[in-house]
Amino acid sequence: MRPSGRDLDSLRNISIEPNVTKHAEGSCLITIGDTRVICTASLEDRTPPFLRNTGLGWVTAEYGMLPRSTNTRMRRESASGKQQGRTIEIQRLIGRSLRACVDRSALGERQITIDCDVIQADGGTRCAAITGGWVALRLAVNKLLKAGDIVSDPVTDYLAAVSCGIYAGQPVLDLDYAEDSSAGVDGNFILLGSGRLVEVQMSAEGATFSRTEMDKLMDLAEKGVSELVAAQKAAII
Amino acid sequence: MRPSGRDLDSLRNISIEPNVTKHAEGSCLITIGDTRVICTASLEDRTPPFLRNTGLGWVTAEYGMLPRSTNTRMRRESASGKQQGRTIEIQRLIGRSLRACVDRSALGERQITIDCDVIQADGGTRCAAITGGWVALRLAVNKLLKAGDIVSDPVTDYLAAVSCGIYAGQPVLDLDYAEDSSAGVDGNFILLGSGRLVEVQMSAEGATFSRTEMDKLMDLAEKGVSELVAAQKAAII
Amino acid sequence: MRPSGRDLDSLRNISIEPNVTKHAEGSCLITIGDTRVICTASLEDRTPPFLRNTGLGWVTAEYGMLPRSTNTRMRRESASGKQQGRTIEIQRLIGRSLRACVDRSALGERQITIDCDVIQADGGTRCAAITGGWVALRLAVNKLLKAGDIVSDPVTDYLAAVSCGIYAGQPVLDLDYAEDSSAGVDGNFILLGSGRLVEVQMSAEGATFSRTEMDKLMDLAEKGVSELVAAQKAAII
Amino acid sequence: MRPSGRDLDSLRNISIEPNVTKHAEGSCLITIGDTRVICTASLEDRTPPFLRNTGLGWVTAEYGMLPRSTNTRMRRESASGKQQGRTIEIQRLIGRSLRACVDRSALGERQITIDCDVIQADGGTRCAAITGGWVALRLAVNKLLKAGDIVSDPVTDYLAAVSCGIYAGQPVLDLDYAEDSSAGVDGNFILLGSGRLVEVQMSAEGATFSRTEMDKLMDLAEKGVSELVAAQKAAII
Amino acid sequence: MRPSGRDLDSLRNISIEPNVTKHAEGSCLITIGDTRVICTASLEDRTPPFLRNTGLGWVTAEYGMLPRSTNTRMRRESASGKQQGRTIEIQRLIGRSLRACVDRSALGERQITIDCDVIQADGGTRCAAITGGWVALRLAVNKLLKAGDIVSDPVTDYLAAVSCGIYAGQPVLDLDYAEDSSAGVDGNFILLGSGRLVEVQMSAEGATFSRTEMDKLMDLAEKGVSELVAAQKAAII
Amino acid sequence: MRPSGRDLDSLRNISIEPNVTKHAEGSCLITIGDTRVICTASLEDRTPPFLRNTGLGWVTAEYGMLPRSTNTRMRRESASGKQQGRTIEIQRLIGRSLRACVDRSALGERQITIDCDVIQADGGTRCAAITGGWVALRLAVNKLLKAGDIVSDPVTDYLAAVSCGIYAGQPVLDLDYAEDSSAGVDGNFILLGSGRLVEVQMSAEGATFSRTEMDKLMDLAEKGVSELVAAQKAAII
């Protein structure tokens, strides 16, 4: 029934290739089906002004898409002079989510910026960015631990994200672009490795939804995130 | 236990004053506790380019705060030359939500712009904007129906929004600013009059949450929205 | 002869409601006929860089219109990314005028920002903003005096503004929108309570004018401002 | 008493050199003391959208200062990405004033853009720009008349501008920078050749003023403008 | 003598991987040493306004760097709201160069946009972008030819670019970052497959240069471009 | 053969008028044929942040064109809110070139900003700006030397620029607008008084070029620059 032939509760193929750039403190290329995102973590020994002298660190994120990562070329945001609302919403979500698994006191007065740049888009780019962004963050923090710059690990758990939605009347896991563009309900679910919830966003796009449907989407999300966390574990060994 | 002394499942006082400006096709001043938002609906006989010749209408929203609607003066967004990420996120949410209760084919090739301007802020401004925005929309559409410009009512149901969160470890309804600024989990729930869900956003701010807690927040939201819908009904008579 | 039926030298109805917001140090809602403006005064314990260590304070103003304060919806300036020339001109005028009744040395190194936001426009918004802005300023300074933060009153006089113009060949006081949009000459007059002049701006819009006409407009302005000052006195008791 | 040794009612030396650029339809270099402004008139066979098919023409103006036209280098406005409030105010004033001596129906559906660029500033640049801008306009219209593109002269009168102010307690004509920067009251007066008033702007800068003083400034302005008009006449022969 | 141990006239390792994205009409990943650039060609059936109804097509280019493509994270240009001067200069160069090998009449009224996004930077990114951009262009045009949309091949020759400079007093080919950042003279050379010159830019950065040195750099450039063209030929088979 | 009747290797008439503004530390009006550029040098006792406490000075440049310096009025860059790519490219070139003849250590921690504003354009504005910019720089540095603020002359040589190109199949010196707009190859050559090369830019515009042609253009450039340097010497006596 799904355009890809997948089962209702199947993720697309996942690949997480760590350390793909020589400059960043942590990085990976995450591939979820045909969606590919380069995630890098950049470390700075300073924090935003509102955190000066608090002993707390900061994790923030930026998101972008190459102009031809999509089927039709998009206008380059640097050329148009501003980021679209969608871009701003996504990068705020990535940063907020990643901070939920970071002990900012253990990190100390440092900032880690996670850049997530979509090389090829086929649905689910924000979830791929969060899942891959966590890997880049993990690798950059590992470098700090190894160098002895910090002693206590500030990353408190795994964290991954998946989209679920109601496609052709059925709750399905991990929407690709073909599904996403015609889904009646679309949700993003961000969970810790422990299964606790970090962020839940469900949105009617044409059709509204019932609490029962919401519960089914949550079930799918829990299954999906546990598989993504397994892929993260495999990647950072 | 709550700073305001309210019960865990109590809304603040609600007032919806309709027709507060002489220019707009529909308008109201919505007051939820100390939060006050002017909502206006402006009707135009044209739609955005992507809808030309489709027979479909459009509903969109813009959100703003007066610089001193808040405790500390905020910079005026027109002076800084751009809208903040938070503003963009909120106005996209308002527009998307309102479209969920509109039959855009019955509306025809018209655009209704809902402007929500916060006069005084004390938490929950986006939810007040949606609840009041619906009233402005309803009144503007009534004018179209009365004038015979459209024959079938494009507004398919009531729609209201409420925030719930976990404050001091307890799920509570309708966070005011004192609660919002220290809540561990914060959610916005947008429902139709029928009880069906339009948008659910839950976000960890310091603490993560369990599915059981998520369910309790949903229960509170259903209670709150039903009371807000009653206030809408009273206001538009 | 006037669309409103007023005498040539009659102001519209005036109402000044003080203390309309709980956050601002001073505020009022000023209503002149159908023109309504919220004025707030925000106090900060710092001045612009060019005044550091001079012992002098600063008073500045910002002006905005809600998008649907006008008959046809205007584009939101924060969305278009810049303030229009008219906005900039008006807020510079408001700030410059208010500084004419302030002893900046008595104020000390503080800044007071007057925000004037037009809720509903029907002509004369800049004059209403100045007249109401003075009330907000007065109330904020009263708070400083009462708290003992300053000992000598920096507000040296009342200050109010009124428009006059030549409508249908006749000099008239306090133009409303119907008059303003077809007046041949339009002027704004800002005076102290003492009657001394702070700012005079007269502008031909289609017809030029003689010195005799200029004198008649000045006479009307003196009458109008004295009535506005009386309303200010009543409001701040 | 004046820093320059001039009489209270003396203008600085005036020079108006016409046709200074080979590209513009009309142009001049106006020199008032040490203030030098290049004024050009550019003719286009189209009007702004709001005038299409009305048979009316448009005259508009833009104003700029070379970064080092002033004593201390100013930031280039194209580099900072926006025009200052002062610039916007001045160019709106120039355009509005020039339109007061143009019969836009006789001009037909054409736009004339007056560019006023300050090469060297020593006070009174906006008045020099208006006085020189009129010359550029006159020359461009002469070209249209000569070519037979229009038959009736749309320029209905001479138009010139001068500043007056109260310096060291005395009303003086044509403030230079040394006077302007310490004047208590500053005004700009724009008059037709006939002596009728087009725009009057008087502004307290530190000191307020009486109606008697206002009258004296008006007297000076009438004298100054008549001399400037004589210089215009000499220049366009 | 060179930090990399290369001979004075040796290029770094070259790899050109064609067809790396599923959406673009043409694409490649070009790797020159540690410099990696994704180049895509996007085809549109419309041209810029200045070419409408001329029968001529257009080729243009945009250039960007991922924020952490460099050793130290750069600010994202979309976040800062404008492209840097360097970016603008580079993308104008890429577009201008590629147009030199295109018969725009044979292309017809189509636009091809070449996006060059630097994934990892180690010197020579603009040259890699041109060399890889040509491959993307070639592949997109091949698709047009194969589909029969055009009959005559608009790509008239191979085109590639290489940098040469004077490093430690010696003319060297293909500067990497270590060399580039301390070279006294730096040049970019863009040549056709035929050896004819398209663009030559030589720039003193600390040291000036003689005509003899200029000739030696040209010799190196000719050698380097011929090897790059061989790599292009191998890639597009 | 040339539209102006000049010989292939003839410059246009050159005039360099020094000290044309009273405010700038150094200035000139350079006229090359019908191209006229005002160049000013502004001195500041501070450098950009990246040079603080290095003991080194900085020379930078900005370039602008009056809107009607060209045949058709251009949009004012301050009004459009950004500088065009061409403007940015040119001002970077001017600054970079001038730094090639400055010993920044001898200059000390000072910044000199060269503003080049085109009053009338007829081809070759960037070369005129560099040649005139050097004169403004020289005069400003002379003032520093005379005042004893620096003891060793930081200007190490003369520096001038000229354009050459292939027009109607022939290499020609100093293209005017009529030639520039139809030249197949266009180059800018910046040389020291000693004849050493600072910057060479040759660009195909329609036709590519051979090494032999490149050599001929270089020969012409050497002749042209030597004549321009002679004019500089005459101007600064």
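Note that the chains are named A, B, C, D, E and F in the order they appear, and that numbering of residues resets to 1 at the start of each chain.
In this section, a residue touches a chain if its C-beta (ideal position, glycine included) is under 8 Å from a C-beta of that chain, and two chains touch if they have at least 3 such contacts.
This structure is a prediction, so every number in the text was calculated from the model and none was measured.
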Self-check item: Third chains touching both chain D and chain B
Solution: C
Quiz prompt | Inter-centroid spacing, chain D versus chain C (mean Cα positions, whole Å) | solution = 28
Practice problem: Please work out the Cα centroid separation of chain B and chain F, and write it as a whole number of Å. | Solution: 59
Quiz item: How many angstrom between the C-alpha centroids of chain E and chain D?
Solution: 51
Quiz item: Residue numbers in chain A touching 2 or more other chains?
Solution: 81-82
Practice problem: From chain A, heading first to chain E, list each chain in turn around the ring. | Solution: A, E, F, D, C, B
Practice problem: Note which residues of chain A are touching chain E in the complex, please. | Solution: 21-24, 27, 34, 38, 40, 42, 44, 62, 64, 66-71, 73, 76-79, 81-83, 87, 113, 115, 117, 119-120
Self-check item: Residues of chain B defined as touching chain A within the complex
Solution: 82, 85, 88-89, 92, 96, 100, 192, 196-204, 208-211, 214, 218
